[in-house]
Each structure stands twice: as C-alpha cells, then as structure tokens.
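Note sheet for the following structure.
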C-alpha cells in the first residue's frame, strides 16, 4: 500500500549506497565535482562513477585503507559499485533534465544538491519539486515553457 | 526573434516508401501495439503516409501524402485541453506535455488531422528491445495522449549546442527523424522566421498548400503537390 | 392502512400514506436493493478493472476517442433537466397540479447529475489526476485552461448540482420535521438533524417561501446554461456536424425532452410500487405528456433544421457523416432514433385517446432510448469521419463500457429506491397546505385539480 | 478477452513493475564494471553497414550508454554498455547518401530481438519441432569438426553443402574459398526474387553479369518495366535518392516517369503514366517502343550495337513489332506506344529499367534482352542519365569452388539418391520458406544426416538444424558489403563492431576460419581473422586523399569509394553464346480452369519474408493497402464486384500446386485478370512476431523456370479464386477508410 502511495506521490525510497562514500573528504582535497561526475559539463547526465574512476587515483593513493582495498578487489573481480541514484525524476514526470546548460549558466552545483563538502554520502538536501525549478527559472529569466523540460 | 519551426513536404519527391514511419518509431520510442490492438485501430504512427486512389482501372492514379502533426498556429487541440497539456510554445510548436495530460482525449477529437494517438495500455518492450529506447524521449504511459513533436529532443539538443557555441543556427542543422531518413529528400525542416531557409522558400512557393487550409488552423506544414504534367 | 376515524383529519391520511414506505420495510425492498447494488458493484469493478489493466479494454480507438462514456454523460445530464427545470417553472407559474410531482422530479435531477458527472471521471485516461481540473493555487503556478469547454463543464455542473441539491433539500425540511416528530430513537435523531430545527414557525415558513422563490428563479438559467455548455463540448471543436450554432438550444430542448420522459417513467413506477394512485393522477401524466409532445415537436424541428442545413450546405466532410447516419452504417440507429423521439411521441401524445398512463410510459421509454441514441449519433459518426478519409474509423463498445452503462441505470434506480425509502417521495406539507400559515406557497385547489380538496 | 491478450496484459504489468522497481535497493542486481569508456548521456555516431538486403547501404549508428542485464561467470547482473540506439543512412556513404529505407531503420531490432538465439544449441527433439538444448561453444565446434573430419576421412568432401544468401561480399568469398579448399562444391544460394535473369541478360547485352546502376539525377525520362526500384528492387535507397533528384533536383527540369506493370506497385504509384500490360508481354512492348523509334527514324538500329544483335529481326527494324501488332499482344494502345516511344527518343537522356515480375516468366530472358536493346537504342548505356555498371572488386585470390547445383537440383538429387549430401551448413538463407513446394526442399533437407545453421533466429530452415552456431548481429561484428550496384564509382563498405555482443554468439566468418584451422586436415586459408581478410582487400585500394589509407578511411566513414586499381577490377564477363530466347511466355494451369494470373510480389516490409520477425516492420502500414500484421490478396474492384467479393472477405486461391485462404483487398490498382499477393507472411516458425501469421503465397507457385538460367518463374502461375466467407478480422488495416467501409463507400480522392 505504501508503495502505491509512494508511487502516486512520486516519493523515492531513500537510497542505500553500497559504500559510504565521503564526499566531504574528497571535496576537501580540492577535487571538483566534474572530476568524477564527468558528464556534467558536456551533456544531460552527470553520471555515477564506476570503480574504474575511483582507481584512477586510488591505484596509488591511500591504498592502505581497508575500504580502498575493498574497491580494488571489486575492480579486480569486475564488479562495480551499484550506486543508487539520490536525486532523479520519476518516469511519470517526463522531465528531460540537461546538466550542461545549467553548468554553463553558472548555476552552482550546491544550488540543487546542497553543499556536498558537508555531506558524506549524498542526501536529498534540496527538494527537486517543480516549484523549485520554476522559481529559479523565473528568477534567472530562463524559459518556463513546459516544453523546456517536459518532452 | 524566436524560431518558428516548420516543415515542407514535396509530394513530387515522396514515393510513399514508409521509411519515415519506422524512423519516427525508432526515434520517439513509439511502442508497437501488436496485432490484436492494431486490429482495433490502435496502432500509433505519429507520421503516416496516406494514400488515395483516383480513377478506375486502367486510368488509375494513386497519391501519397505524409501526414504528421501540422503544428498549427491556430491549433484546435490547444484551447480544448482543460489542463494545458496541449499548448503552444514560443517557437510555434504544439506541445504535448505528457505529465500534465489527464486523458480527456478532447484534443484528439478536435484535431482535424487525426494525428494524436492515445496510449491505451502501458507500453511494453520485450527484453532486450528496451535497450534501443532513446533516453532523450519520454516513455508515455497508459492514459496519455501522444503525437508528433517535430522531434523536439533534436531541436533542443541542437539549440542548446548552438547556444553553447554562441553562434547562429544553420539552416538544415536540425533534422527530425522523418526528414533525416527520407532518401528522396521529400521532407524539409527549418525555421520559418528565417527568410533564407529552404523551408521558408518552399512554404512561400506558389505550388504550396496547407492541409485542410479552409478550417483556419494555420498549419506549419506545407505540401507541394505532385506535378501532373506527364 | 389508514383509518377512517373522524378524529383524524384528512391530512393525517396523507401522512400515513406517504410515510408508510419510510416506516415499513418489506423483503422485496431488500431483494431489490441487493439486486441493484450487485449491478452497481459490478460496474464499479469494471471501472477499477479499466484503471488497472488500462483504458484499452474499452472499445475506444483511433480516431473515435469518445464513445459510450461521453454518450452517457450527455444523456444523464440531459435527464437531470427533468426535475429542477420543470418543477421550477411549475412553481413559478403556480401550476396547481404540480404538487405531487415536484419532488419526484427534483430527485431525478440530483441523482442524474451525480451519475452524469461521474462519466467525465470514468472516461479520463488518468482519473487519479482529475483534480487538475480544479482551479487551486499550487507552487507550479498552473491553472486550468479556462478556454476549455471541459473546464466550463466543471463549473456549470458543480453550480447546477449545488443549486439543485438546495432546491431539493429546502422543501424537504418540513417533511423531515414531520418524520422526526413521528419517529423514535436513532431515526428521530437523524431526521432531527436533517430537519435543521424546523418548527414551522411563521418566520421559518416565510424564509422558506422566500428561499424557494429565489431558488426557482435562479435555477432556470443555471439549468439552461448547463446543457448549453455541454453542447459547447461538441460545437467548439472543428468536427463535421459538430460545429453548428444550434447545438445550445438543441441540447437544452433535448435535455428537457428526455427529462420529462424520465420523470414520467419514474412517476409511473412509484405510483404502482408505492400505491400512490390517490396522489399521482392520470391528469399529471396527461399534462406531462402534453409537455413532452411540445418538446417532441421542438426536437423534431431542431433535427430537421440540423439535417436540412447540412444537406443544403453540402460540405464534403459533413456529407460523409450525413450519409453515414442517414443511409449507411448508422442508418438503423438513426431511424430508430427518429421513430422513438418523434413519431412515437407524436402519435401517442398527440391523440388524446392514447394519452393514458400506459401510453405516456410507452412514449417515454421510446424517448429515453431515442435520446440516448441521439447523443451516440452526435458523437460517434462525426468522430469517425473527420475530413481525411484515410483516418476514418468506427467504434464498437466493449463489455466494460456496457457493464458501466447498465450499472449507471441500476445506480439511478438504486438511489431512487433508497431515496423513496428514506424521504417522502411526495411532499407531504404541500399536500397538507391548510396546516401552515403561508398558503402562498401552495396553489389553490381548482376544479380541474381536485387534490386541493384533500386539505380544504 | 482471450487467453492470449490476458497473458499479454499480465506481461505488460509485469514489465512496468520491473521497470518501476529499478530504484529499489532490495531489487538491485550486481553491477559489473563497464567494458566501454562511454560518457553517460552523450551520443556518439559510428559507421556500420545494413545487412538486410544486398544493396549494402552504409549506416551511421547512434550509440549511447544503456543498462543491460547480463550473465557473467554464471552471475546475473547489470552492466552499462554502449548500446546502439538508432540507425540512419551514412551521410557520406555513396549508396545511402544519408537516407535509409524502412527496413534498414528496423534493422536494429535484429540485434535486440527478444527471440534471438543467445548461445549454441543442439537439437533435443525431433527434427523441425524447434526443441533445442544449450551447449557450449567448445562442444558445438567440436561437433561440427567431427562431422567435417568424418567427411574428409571418407574422402567424401563433395558431400558438404553450404546454403547462403545470394550476394557478393567478403563473407561470400570466404565461404567460397573455404569450400574450394575443403574440396566441396560452391555455396548454394537461392533468392526467390533474385535477379539471375537480368544479370545473364546484361552479360549477353553489355558484357557485364551484374545489376545496373541508374543515373536518375541526370535522366529526363525513365521507363520501368515492372521494376519496383523505389520499393524493394536492386538498390532502393540510392534509387529513391536519384528519383528525388530526377523529379525536383534541377531547376526547370522535371524527369518524366512511366511504369509498365499489371499491378500498381509503390513505385508504379509514383509514375506519371501507369501502363498495365498483359503479364509476360513486357518484352514485346519494349520492342514495340523500339520499333516505333526506328520507324520514325529517331534513332538508327545500329545504335543498339551488341544488345541489338541479341534480338531477332533488330537490324530489319523489328518488322514483327509494329504498334498495332504489339497492341494485340500487350493490350497497350498503339497510339500510346507511339507517343511513349517518341517521348523516350526526344527526352534524352532517357533510361529503361526492367526487374521484378516481367523477368519472372518463362520468357524472362527475352524480356530483359528486349529492354536492354531499347536502352542501347536510346543511347543510355554508360552515358549520363542512363545506366552504368559499378566496377567490381576482386575480393579474394584463389580458385573458386566448382559451381554448386541449384537448390532445385540439390533437392531432387538428394531425394533421387544421386546426391548424398551428408553435411549441410546454412547461413542466412531460408530455402524451405522461399522455394516452390514442388521442389520438395523441406523433404530433401530432412534426409540430410547433419545440418548446422549459423542463424540468429529459428526459422523454417534453421529449425531443421541439428546444431545452431549463432552469429553475431551486424552491429556486434565486422560488417562489410561490396555493393553490386547503386553507385557509378566502385564502392566497398566496411565497419568495425559498433557494440559488444549481447549474447554468447560468435561471428560466423571467424567460426569458419577457426574450424578451417582445427580440422584434422586443416584447410589453408591465408587469414587469421575475418577483419584481416577484409583489410587485405582495402589495403590494395587507392586512398581517397593523399597521405590517407583506404582501410582507415573506410573504417571511419563506413565505405571506400573511388577508382579501382587495375589489378583489383573484375574483368567483364563476355559471353559469346547467343541464346534464342522464346518471346512467348508459358503459364502453369489451363486458362479456362485457372482464369487469373497469380502475382506474388516482395512485400514492402519483409522482402521475401526474411524480415517478418521485426515488429516495427509488421506494424508499418503497407504503402498501398495500409495493412499491418497481415496477409492479403489484392483483387480488382470490378472483378470483386462480379464475384461478390467485398473488402476483407476470405477468398480461396487454388493453383495446380495447392490452395490457400486469405482476406481480399479490393483495389482499382491492378488488372481485372490478376490476383496479387505479397510474400513475407505465413511463417510456420519464425519468432513470436511472425509465427503463424498470414499465408505464404510461395506455396502456390508452380515450378516453372526461365530456361537459360533456371530462375524460378514466380509470376507464371495461374489460379482460380472463390469467396469462402466473410471478413474474419485477419486483414488488419491502418487506413480506417478502407477498414470500415466497403469499396464503393470509400472516401476516394
């Protein structure tokens, strides 16, 4: 029953991540978001990095940590981290969101995702309701035509 | 000046092959409904090639006419929709906003061209056919009206790219799937507000006419008839 | 049965006759309710099935996207014009014979409207989002499209429903008070609440009188507007044979026509089942029959007008629809409609010898069938033959639609049965006018309408 | 609701429930590390080649990330793959020129088909019932090796037969080389709608045994004798592009177009003038036109050169083909013949085409030679606006295998005991479906002890196989084509795999190379892998630009096109023999008993039926009838009225070969004495979308052949028809105007 209700209200179940990824630690190292979410500047999807992305640095950095050894082992077995999407629109919302133009318009990542330097695993800090999007579009004089996002 | 998207169909080039029909299905995630539903008249073809017989054997002629949403400037589908699911955009498209659609089907009744299609069931793609789905286009669910969008996802992609590169849009840069697939180049797409564009030129052609023009719908698709001269 | 004790005034007889269905319950009532209830439950199950499996289990298809459901919608909204309109007019002109008829009619209005208003919901592809038709402020800043006739429908039907419920409820207050005073226990409490503290003081009578005058005047334009707006659902779309200026009056006339027929049928059944022969006299049927004759002529005029203009105009797409109804696929339905709506009422109601209760009922059944067909024939042939012959199509109803359609007739009957069970179906106080201090509400008895004698 | 739709509805709800639950952690599958470096949400375009017909159109494939469910090391999981999303015509490809036909657009469904064979299979039931069990590749290849080794050990290499699709490509050359070096006869290929007759005629008339390429963009007039060149024949995409140019590509000049055929095809529907000639007399009409041109002294007889010498009485001005005489034979008015002839001569350059039904008569060669002579007379051979022959590339050195018997001879040999085929390999060919029943191919195959198929789907032929070694789809493997026509310059298409294989499949050419090496007596083929073989050809080709290399260019663009180095060009096939083709067609069935010509034709969607498994094509409305998911029989409206047949009525068609029942489509677009039926449906076994759907008209075709080529004369059968019932709902049409109303009631025009 709750599933039906969640579905009707477009509520997403809370994401359970395979690994408690510390966003704060990484951002503290002056790594920018697009280092790992590599699609964010170029296209619609920011992307959830695979272990291959982790191993670019962790082949040599912090290899003594058990968690790093764990993901190294996963990579060697060909198993990837099954990240759960934290933000996202339900299929029935028919939203075609494109990251790239927002990045080009100098919208700060934190605007929509909260300050990641204060989060370990990503949590829903901003409610991505239509009102949230429309308000910002109105402020920035971006188009609020339905077809801007819904097609 | 905003764009005003339009199309022209040269019926002297169109040979009725139906490539546009399949191209449209492939681009826009239009589900096949299967034989039983097709028999009920529920096949969804956002673009169709109508054919009309004229005369009797042996002096018989047959005419093809590709019909898709005419993206009318004065569209009868728009005012009747109680929720604005069907509405007019700044660049002249008749938008169909699936998430806002409650399924009154009034727009389809009002459309004189019968180019709107209703999803009678949740569409299904038997695995792994779903791998083909275009992620740039929504999957419509049961109870929603759908129709030709002039491949709005392609329009968006190119206009976003053009904006990123800070340049002018080139004529012919945007091709909806049907236009792209047409080997005979019977379909031309472009900006009607650009007087230099091919589609502007064709839509002002003295040969050109609009489908059911007398209804006052002001369609943005121009048809150039087949020459009858032998 | 009533006693002939001289201690009881004649009005006491009225009360006992009319309150009998409320106070005594036979097993037949339970059987009937169970039977009708089962059909209604089946219809609800059908609707749930339609929502679960998908709209595709109905017979709707490209390009005939409206079918039985919209036919039923227009039909029931039409039937709803029986009541309020008729009783309001009769109230305003102070027609003496109307007294036993008004409540029967007003009830039809209320229930037919409720049932009719359900159909836009049933026919929605995504009924769970129907609340988007309401104008309510939201963060999305989207309002309904006020250009859409469907939104006008929403307002018109809601206004009419509110109005007719009030119009039904107000004159029930004195009767609820009567029941309250006669009942005990739980029933007394319930009717006590419903009576809203009616004590029959002169002030209350005066207020009721004023309220009824206002309502009677107000409800008539609302009723006319409702069916005019329903007709706009069609005439605002560029569909062959829909775009015509006569649809407003045509629909209103048709609505009143079918409403009268529905009322006659309801009255005949009540008269038989509840033994109201002493209250519902042949003269009531004759008078309604005459009214129906007038409406049949009016309807005939509109159809003739519509057809002649189409034929004379000879537009290619209109003629497709014209001939398909006149001669081809839909001709059997079309000519059945003409017989039912025109020939039958004209013959039966036009010849006074046939204008008996039975005659009226036969003609009314014909009109109800004919008017249902009329709505079907407005919708389906036109949608199936719009302009481009390649995209012609047709429609045939599927089980789910038939079950829901039958279910609504059962629902109407069920609601009526339940209403007659819990509320006096004939206004008691209006028949016992002598007891209240405001005889202006009650027209005088005349030689022609001897009912007045009962409480002279 | 019937059981079938109930199951379907359950499946639909099931699918949506699965899709919705993707985000739920409890249902999350194991995720594997992606193989490809692909940026999510970003599309890349890669070249490929359409495999569905022999036209060899170049593709450009949109590739994006997608989550696929896979099994790795016995573990089910999800992996992000680079998945093909859409096929479009390669913009730089000389044949497709950016366009693509409906079939090519649907080719992507071959890869993602839910009924694709996903791993090697070994027959577990009785032959033909489609019961298989999964085996490993090692076991499958070992099985095949043991069979081939047994043949070699017995010195009976000739008992190996190989059935392929007709065509020319490296894949064909590889099979041919394998067979030659193994010691077996060459591959057996059969195409119902093949063009052997025209190739033969072109060899006789022009010294080129291949299909022609038409320079439509420069033509001012085209006349086509039955060739459905905009729909299904030869190189439709290239021809449609040329047609568009011919009509509207030149300011002020609009090429005229006349189509001669008895049933209006999609191509014929576009003609300015549609000329229904009596079936089998198209050659006579062509000579009638030639006569009129000669008689009016518009062209000299000598202009036809060698092509003219193939025709009796050419030098004498074709005295037997005066318009009045031709009118009697063809039913085309003499005045009309003279007018068209004058037009052809005056609107130079003009080109004549011939293909399809006119060549599928017993006199097909005569017809083809006649049209060739007309072309030569019009001066259109190898001239702008005329017809050209695409220079052919020699694909492999080494002696070819000895010519194989035709499939008909093979079958009769097996059944008669004179040809003891022990092992049959099948690749992309379905002769059980496309051969006339009288050839008894199915019975013959049943007698072969061992059949192995490389097919991706179970169809009537691979369903008889004992072993199935499923091939990659064209998107998953190296794909190449060396088109026979469609471009004036030489062209060779090639593309590397677009995506990784979805299933446990292997590329057939690589399997064949592997087998050749692992035989007890290895067959010496000079290539390690298939792409090496293809590469070897391209290395020899001239680079398009200085400093470039043909191999690199081809892989980037999907094709190489240019001037052939001398050593690579195939020599013209000069034939000295002069056959005496018979002008009169023969028909199977007595005209009194079987009053109608039966005209099967390749359906727009399925060609000869090999594409009936693709749901998009099943649901694409037919251009003429708007039918979907159906078989139908086209019948002239006056004939239908005479016989009391209405739209959708079930009619029974009987030939000397058999009988079938199908719904009628009443049409003004064919002659009153013809019934026409599309080939493609009527599969007994061919995936969930085609199995048991419609009727296969091939079962009615009489085994008449064109004498000099042995090509089946599929248009030479006569039939009788009878109405046997009202509509049963099996004719599914998109055009409601036809679906709902009888013919006379149709909104026409």
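Just so it is clear, A, B, C and D label the chains in written order, and each chain counts residues from 1 on its own.
Here is the rule we go by: contacts are C-beta pairs under 8 Å (C-beta built on N, C-alpha and C of every residue); 3 or more make two chains touch, one makes a residue touch a chain.
Bear in mind that the values here come from a model prediction, so they are computed numbers and not experimental data.
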Ranking chains by how close their C-alpha centroid sits to the total C-alpha centroid puts first chain B
How many angstrom between the C-alpha centroids of subunit D and subunit B? 30
Rounded Å distance, subunit A centre to subunit D centre (Cα mean): 49
Expressed in whole Å, how far the mean CA point of subunit C lies from that of subunit D is 65
Distance from the mean Cα position of subunit C to that of subunit A, given in whole angstrom: 57
For subunit D, residues that touch 2 or more chains besides their own: 9, 12-13, 41, 626, 735-736, 739, 746, 748
What positions in subunit C touch 2 or more of the other chains? 53-54, 62-63, 389-391, 393
Note: subunit A residues in touch with at least two other chains are 44, 91
So with touch defined the way it is at the top, what topology do the chains form here? Options are line, ring, star, complete, other. complete
Subunit C contact footprint on subunit B (complex, rising order): 37, 40-43, 48, 50-52, 67, 76, 79-84, 87, 100-106, 108-110, 112-114, 117-122, 142-145, 211-212, 215, 217
Which residues of subunit D touch subunit B in their complex? 4-5, 8-9, 11-13, 15-16, 41, 64, 66, 68-69, 81, 83-89, 96-106, 108-109, 112-114, 230-231, 236-238, 240-241, 243-244, 247-248, 254, 256, 264, 266-267, 269-270, 272-274, 276, 502, 604-605, 615-621, 623-624, 626, 628-629, 636-638, 667-672, 688, 693, 729, 732, 734-736, 739, 746, 748-749
Quick check: in the complex, which residue numbers of subunit C touch subunit B? 53-56, 59-63, 65-66, 120, 123-127, 129-130, 132-133, 142, 144-145, 147-151, 154, 233, 236-239, 383, 386-391, 393
For a test of understanding, state which residues of subunit D touch subunit C in their complex under the given definition. 1, 9, 12-13, 626, 735-737, 739-741, 745-748
Where on subunit B does subunit D make contact in their complex? 10, 12-13, 15-19, 21-23, 25-27, 32-36, 38-39, 41, 43, 45, 48-58, 60-64, 121-135, 141, 177, 180-186, 227-230
